[in-house]
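I'd like to ask you about the structure that follows.
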Amino acid sequence: MPATDRKTALIISAHAADFVWRCGGAIALHAEQGIDVTVACLSFGERGESARLWKEGKSLQEVKDIRRAEAEAAADALGVARLECFDLGDYPLHLERADKDKLVDLIRAVQPSFMMSHSQYDPYNTDHMYMTQVALEARMIAQAWGHNPGEQVLGAPQMYLFEPHQTEQMGWKPDVFLDITPVWDKKRKAMEAMQGQVHLWDYYTRVAQQRANHFKRNSGGQSGGRDCQYAEGFQSIFPRCVDTLA
Amino acid sequence: MPATDRKTALIISAHAADFVWRCGGAIALHAEQGIDVTVACLSFGERGESARLWKEGKSLQEVKDIRRAEAEAAADALGVARLECFDLGDYPLHLERADKDKLVDLIRAVQPSFMMSHSQYDPYNTDHMYMTQVALEARMIAQAWGHNPGEQVLGAPQMYLFEPHQTEQMGWKPDVFLDITPVWDKKRKAMEAMQGQVHLWDYYTRVAQQRANHFKRNSGGQSGGRDCQYAEGFQSIFPRCVDTLA
Amino acid sequence: MPATDRKTALIISAHAADFVWRCGGAIALHAEQGIDVTVACLSFGERGESARLWKEGKSLQEVKDIRRAEAEAAADALGVARLECFDLGDYPLHLERADKDKLVDLIRAVQPSFMMSHSQYDPYNTDHMYMTQVALEARMIAQAWGHNPGEQVLGAPQMYLFEPHQTEQMGWKPDVFLDITPVWDKKRKAMEAMQGQVHLWDYYTRVAQQRANHFKRNSGGQSGGRDCQYAEGFQSIFPRCVDTLA
Amino acid sequence: MPATDRKTALIISAHAADFVWRCGGAIALHAEQGIDVTVACLSFGERGESARLWKEGKSLQEVKDIRRAEAEAAADALGVARLECFDLGDYPLHLERADKDKLVDLIRAVQPSFMMSHSQYDPYNTDHMYMTQVALEARMIAQAWGHNPGEQVLGAPQMYLFEPHQTEQMGWKPDVFLDITPVWDKKRKAMEAMQGQVHLWDYYTRVAQQRANHFKRNSGGQSGGRDCQYAEGFQSIFPRCVDTLA
Amino acid sequence: MPATDRKTALIISAHAADFVWRCGGAIALHAEQGIDVTVACLSFGERGESARLWKEGKSLQEVKDIRRAEAEAAADALGVARLECFDLGDYPLHLERADKDKLVDLIRAVQPSFMMSHSQYDPYNTDHMYMTQVALEARMIAQAWGHNPGEQVLGAPQMYLFEPHQTEQMGWKPDVFLDITPVWDKKRKAMEAMQGQVHLWDYYTRVAQQRANHFKRNSGGQSGGRDCQYAEGFQSIFPRCVDTLA
Amino acid sequence: MPATDRKTALIISAHAADFVWRCGGAIALHAEQGIDVTVACLSFGERGESARLWKEGKSLQEVKDIRRAEAEAAADALGVARLECFDLGDYPLHLERADKDKLVDLIRAVQPSFMMSHSQYDPYNTDHMYMTQVALEARMIAQAWGHNPGEQVLGAPQMYLFEPHQTEQMGWKPDVFLDITPVWDKKRKAMEAMQGQVHLWDYYTRVAQQRANHFKRNSGGQSGGRDCQYAEGFQSIFPRCVDTLA
């Protein structure tokens, strides 16, 4: 358990903006619930997801600086407790053993109640599926009593996969919908911090509206027909352990 | 919502004994939680799952009577609120339109918070997969405002699939484990009520022990390492709607 | 081949409104291309998809009449060449052998260049998957030289599956995106003809906007970055036969 | 066990010619091994697989007579012990309860060491997948002690799925290859008995040649590089029980 | 777009001969259509696919020289515009970051309308599935505006997967068939250039004949029953963007 | 073929204890059949699967020594012909090119009739799925005539996947059950040699009992209803080549 008594969560994002579009609502909601959310950005998405900046003639360092600033502004808007930028480069993202160890260190430091990363398949963006593969590897190492013996080992946190672009092509199937209506303004504000991807603001607003429709479709008997306006969907990797099915 | 304020659940079982082996713990546990559990046995499993009785030379009526008595005893042991025997015959089980309507009536009368039935594939036992297909059809009809207009329509209860025999052959993958340790004695007693299938008592005791191991494996970070002794696993058909992922 | 030289298409819809939400753009677009599109509605969706009308106290006949009128108005808006209402009832939809024969007759009369129906899996709505199963069966019968010998047999038209609600839950994966921007106004008008499902107008407008985004994502190198505003997605059952891959 | 001490096998074929193309080699080979092979043809494939005869203007009865004669000639060539024609009609094939009971009777009479039928998915030919669904249902009923009590119940024979046309479209994956080189002449002769489908003789000769290549690819270490010339592939539904893996 | 106005295609082949057996017809056909086809051979298949040469006692350099000469002869026969041999070694094939960058450079230089590589799964030959994984990674990098800023970025070309050996074992499912009858002589000539794999000449001739049968089966209503004699099949990774479904 | 005439088998285990729990029975049984079984342990599982030892404050070297001793004792109990410890480290396991070459050398030295390794998917333990990926790569290299020319190349041995923990989560489906009743005492003794994982002794005893039940369920017609008490299950990667299906 972490130093404080607060629950924690860890988002592992291949590129700087992924956490905004894909789970910004979950971050803001859990932050409001008193959960410390740490976001790890393994790269800034500087080469592959900053087309506008490159068209403007920015240098690599400028692109990275801008992307970092945007990520920080978005994290602020969402109430992120800690934003960790690994700055490992993108397209392709690649982690050496030392980089993986640093990710393991972070997981152990955070001791998350749940983790999040990308879909397990993505033929458009191999960084995404590589990220999840590494996240699972790091989760396993963090659980090992013989890795840095004496440190607190990781329990068995759920690994959620947040929503990819073009879900059906990625074989991603959500099994949980989260009502993010109460924090929608924060997510929208965080999205608007991503100045280089204006075309995605409305796209992911519509995603949230569609998921709200799905929330309502699946909660007729479970949530009393609540008027959910915005939602996010997630796929769970591991089974849940419960005391009731009702 | 049903007449009383109590929550309810509905188990739809192709043959009389399925509810005992596959979700007896869930029934007993939820009964203790104050949830009224209704069990629908579409047949007694009289032809296909009563080999010992036929070897003893019993007649069809005798087999059915014995199986009914066993099911009632098991239901008593588990605290089932209502046991509904449709007596439609097995191997093969088949529902005419009127039979399906009767199942829809039951679903509406119960207004379950969750439903349960068999795995969606079972090449050994086509009754099982047929049962789930019909259960989904009946769930859909129960939701239709134009079916028996004026009746209370069904919400959107989860449909859990309980554990089949030889899980891997059925493509069944549990996504939720339920700790049934507190009610284990009741499940064991219910199993022992099935006098014609003594060879399954220990088999399903071991299933519960293995699932307890899986419960613990998956709850290191979620349930505080509780010493779960017996568990049951279930696969969910529909996504969940939640207010937190932690 | 049909009486005229015009190409034809056949949409097979379980309920009266499915063809509007799921392929209204495709219908209007192909109509503008000079293709005669026939729509077969196997039911009016009177029991299961007309909640508002039942809440208003309408009778079964009134509901069916209203739904038929709405379907006709939508078909008009889309330029449907022929709307065939089978009036077989819904929730559940069921076809007897004679009903299937009637569907085969229609397929042969139309001699479609392509057919369309629902996703092959839908645990929420068993009518949908049943419809596609029957559509494939009818397609097979229509190809048989010994079925009503002397009639023109069917060729090998593609069977497209149009977009279901909650695509990921249905295992539906689109492999073709169609730009419906030129006919968007017609689709919107057709949707607005469905007065009982106002909540779906904006939902399926957003679906079309999201699919337009996907169209653009997948056509960077294929369609010159055209500014597609609205699109529809489809899954193909059968392989295509082509003379070039470029 | 059947009346004699000979081992037996049962092929369940939707249409008269399926057993020739898809498992003619297996039939002839096992017949030579002293195994009695029974072939059940549920229909003659008279409507859907006899295009040439219909083009020639034959009547339904003529088509059926010709197809029966061809099936008998093929069965003779292969050494079939018993050819059972159910004459239930095709496109679509449909079994009423009494028809299924007759199939169960046959299974019990044969007491097969193994059974065979079609692939479990076939969007081109719904008769094929329906046939396998019914074959599994009949296998289950034949195992039931309460079905016609007193009869010998069925054991647990393997169900092999023989090769469909366009294997990849059917999701069929062979897990066993059988060397049919010693009986190739018999299979070719049986194929040539099917006078209405001359175009398939060479097609299925090539299939056998390709499968021989696969046999050799997979038997480098298992069968000593034998020069297999012709082979057939099968998919198993159930696990095998063995005393050695070597 | 490339320097000229001609359309282009890029084949990415793990070993020198793969492009001949698996897409030689597509290469020749598109070359005849005026499309410049570039073939990248990442290795010569010198260790793993040259058994005959090793049995003859050739040295590594000799094997590579012979394989290169064969590949060049085959490329000539097919009308390949450019054959690029990376000479990275096989069994296993491995690309360092610089090798991947070189592949990205090639992709950008070619600016292909479509790309081609191996199936995504192949337990017999891990080089094959590794190749496709790298091809997708390279495609992604080639699309990144920040990779070698100033270069022309890649659009969104289709990635076709050509036919593996033993298709069903690789989970490969063709969704497009290409009629290669007009260029069959060129493909046969190219195959005969591969002197070390004589046993595959007839094998892949039969593959082409079987695929022609499939072409005809799927084009009854689409291509007017053309008498296709030889065909090739391909699986598409990405959805298509179209203006008509007819 | 190996120097002697004895048949051989090769087990490739990521961590020292995997071969005990997952295929100890198969090892002992084949050893009794006169087959030389080699076990390759790529690591000792020192970091990730030795929690008890770390809790006791052992050093890394102590943990490895203890694990090696336990593995040797277990191998003795099972009659392993050769235990090869690669000592490559775990959590994560990683093989450099030289390590893979060493594994290839071992495969060629053993010339196994069959190989065994882990399931192909395991989100809990990425070492497991990595191990199988490498095992398939090494199998491929061992088959290459150009790898260390002059050495005896590998044939085409089956690759079995032994049973993972939580089978359904790994997508593992057994297609063969092996009766290990005659060697059960040896397996139990080998398990008891693993002093650090006492909690698994009974767990895997129950696994063997459940698999025995499955053996009996699937061998009614194949093995004469033998009273199997303990069994192990395996999934085959490659098709089998046979001379009979009976």
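For clarity, chains are labelled A, B, C, D, E and F in written order, and residue numbers in each chain start from 1.
One rule holds in what follows: a residue touches a chain if its C-beta (ideal position, glycine included) is under 8 Å from a C-beta of that chain, and two chains touch if they have at least 3 such contacts.
Since this is a predicted model, take the numbers as computed values, not measurements.
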Which chains are in contact with both chain C and chain F?
A, B, D, E
Starting at chain A, how many touching-chain steps does it take at least to reach chain F?
1
Of the pairs B-C, C-E or A-C, which has an interface that repeats that of A-F (more than half of the contact pairs shared)?
B-C
Can you give the whole-Å distance between the Cα centres of chain D and chain E?
37
If a residue has to touch 2 or more other chains to count, which residues of chain A qualify?
124, 143, 169, 174, 214, 217, 238-239
So which chains end up touching which?
A-B, A-C, A-E, A-F, B-C, B-D, B-F, C-D, C-E, D-E, D-F, E-F
Counting only contacts in the complex, chain C reaches chain A at residues 124, 165-169, 172-174, 203, 206-207, 209-210, 213-214, 217
Chain B contacts chain A in the complex at 7, 9, 26, 29-30, 33, 35, 111-114, 143, 154-158, 160, 174-179, 214-215, 217-223, 228, 233-234, 236, 238-246
For chain B, which residues are in contact with chain D within the complex?
46-48, 50-51, 54-55, 60, 63, 90-92, 94, 123-127, 169
Taking the touch rule as given, give the residues of chain E at its contact with chain A in the complex, in rising order.
97, 100, 133, 136-137, 140-141, 143-147, 149, 159, 237-239
